[in-house]
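This structure is in structure tokens; I'll ask about it shortly.
All chains are identified by letter, namely A, B, C and D, in their written order; residue positions are counted from 1 within each chain.
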């Protein structure tokens, strides 16, 4: 079995376990809905129609809900010391990183789609018309989010205050992703098309490539003891 | 055999490490460190004189512009040397697995927090009378704020893990990722702001020669101070580590 | 402050001869019969040395039990041997490969059973085996899994989630997991911990069948009775070093407890 | 122009932060020195008690 096959095996194991218990995706979803709801109360009704407010609300919801999933990513491996079992497998550490990354990517993306639906109803955004563009942005941003998030999830896994710490580590580093995703989805939602914010897309791509590569290289150091 | 070696190590090492503090090898005072400290103090006094008295008063902004010299010097140290040293020592630690690099990185991050704080506080104090607002989401200011969060996160991570190689590894990984992130943050914020009109076009351009000289002196003085404080802090950590090791070896006996 | 107890039985005959000819270590070891070789192994946690210059050698096909009190570094030793943690100093080879530089080669030929089962509770027994089988690159996974489930007496329960299993059943499944890739070297870290009578009898049966003369087994435990049952060789680890090593037929089982406490007590005296 | 007050606050803050850091360094150093002194004394006592070393 190849490199990617093994990585997918790890991701599938996480997905299957999640499908059984539904612990994480459910709480992520609920949390995402709640963020959107709370923002709704915090923003004046007149402002809600401002072009730049909607993507801001949407991306805040994604980030806050997504971090819940990342928190569980490695701490779920702590039960029965599964992480040790995984590390004992004769596979490259990069495979383990990619597997966990893929799993997180799927979870966060699934959550985002559901939250997007909820958002489009509550904020009267016709998502269907701009869906391809939004999906592209969502995909690119989720890659960056999960790439750094998976690495930092592994960094914080053995630490007592890991939930808070992960947020503190992750949010400042995610600034470019959040900015780029919010800006480019504002273009898309305004009907200007995906490539109106072309440089933002380029930034997302650069971020994804850089941090996937860096994380693959550094992951080995996080887990060695 | 091995036990005896441990014992010998403990005894061979305990007295010198104690003596070193006095004798000046690595532990405490030494001539070049004292010289560095003295020259940084002199340089700062000189820079203060230039900035507060010698440099001409800026025509539009008035005296508040005199804050500019140390504001920029602190910003330079935060973005340049402080974070650069954190990143470089993080890479070196992961490569060589020598905890000395970890100690340098952590000392540099502490100083980085200090200089970033100075930048972030003097910026608004300067901005308030000039622009009428404490904060603007200017790319440089915002990047410095993000940098502050990264530095603080780095120190939070360190405080959450027990001292040793594990802490060194985890914080090195975070230090490297954060360092790579900062230029991307700067780019993104610049694009973000240039889509809307920025409050200020360029603050550095068109500086009078006297002001430029004062700025360079201030930067030089702060850099010396940074170097001095870094050395002192690292040597403290070295001494603390050695103390710890000697105590453990004595305890193991 | 005498370390005579620790020194006297420092090395087994095999170790002693090997340690005496350290220069030989560089020669090619074709057809080596050692399953594991450990030379001057140190492992520090911070400044604390959990392993202090430990030496060990074990021939292929042998079953070695290492006894030792809490804090002797037994689990640290097994974790270093099974590539879970890196040694601070010293040479460690398992299955002819260095545990640091050829970790994946070592991982491919070892199986680890610990009191932690490494099983995913939300997956079924069968899914757990399939997952680990894929990670180890085991061929014909379906049949191999069924065969192993049969062997550990879990046939018929393979589609139940592991979270519904009792502690003993989980431990049996973890044995099946460890055997998936037919490892030549088995590491057992306190495998009896937390098992009831029935489950430990079952575990004993499985262990007996594993001990077939081909497979090397390395077990650490602090339970004298269970540890002495099946092994070929006995060692006692105190304060990060092996201080006693004998083949089982030269061990006086009746009075092994006295020997053990002499070592451990001596170690303690030395330690304080 | 009456922004000298802001200037004073700014400079005051800079030297307050720097002074605070230097002060914390000095305190840590004196703490370490005390520990070294204590260890040194203990070692001296030890050596007298175990003359063969």
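We adopt the following convention: a residue touches a chain if its C-beta (ideal position, glycine included) is under 8 Å from a C-beta of that chain, and two chains touch if they have at least 3 such contacts.
Just so it is clear, the model here is predicted, and its values are computed rather than measured.
The pair with more inter-chain C-beta contacts, choosing from B-D and B-C, is B-D. Separation between the centroids of chain B and chain D, computed from CA atoms only, is 18 Å. Centre-to-centre separation between chain C and chain D, using Cα means, comes to 49 Å. Look at where the CA atoms of chain A average out and do the same for chain D: the two points lie 44 Å apart.
Pairwise, the chains that make contact are A-B, A-C, B-C, B-D. Contact residues of chain C toward chain B in the complex are 3, 6-7, 40, 45-49, 52-53, 241, 270-271.
Touching chain C in their complex are the following residues of chain B: 1-6, 162-164, 244-245, 248-249, 252. Chain A makes touch with chain B in their complex at residues 148, 151-152, 155-156, 158-161, 165, 168-169, 171-173, 175-176, 179-180, 183, 199-200, 203, 206-207, 210-211, 214-215, 218, 221-222, 224-225. Put simply, chain A touches chain C in their complex at residues 1, 5-6, 9-10, 13, 16-18, 20-21, 79-82, 84-92, 224-225. Those residues of chain B lying in contact with chain D across their complex are 11, 14-15, 18, 21, 28, 52, 61-64, 66-67, 70-71, 74, 111, 114, 117-118, 121-122, 125-126, 128-129, 225, 229, 232-233, 236, 239-240, 243, 246-247, 250.
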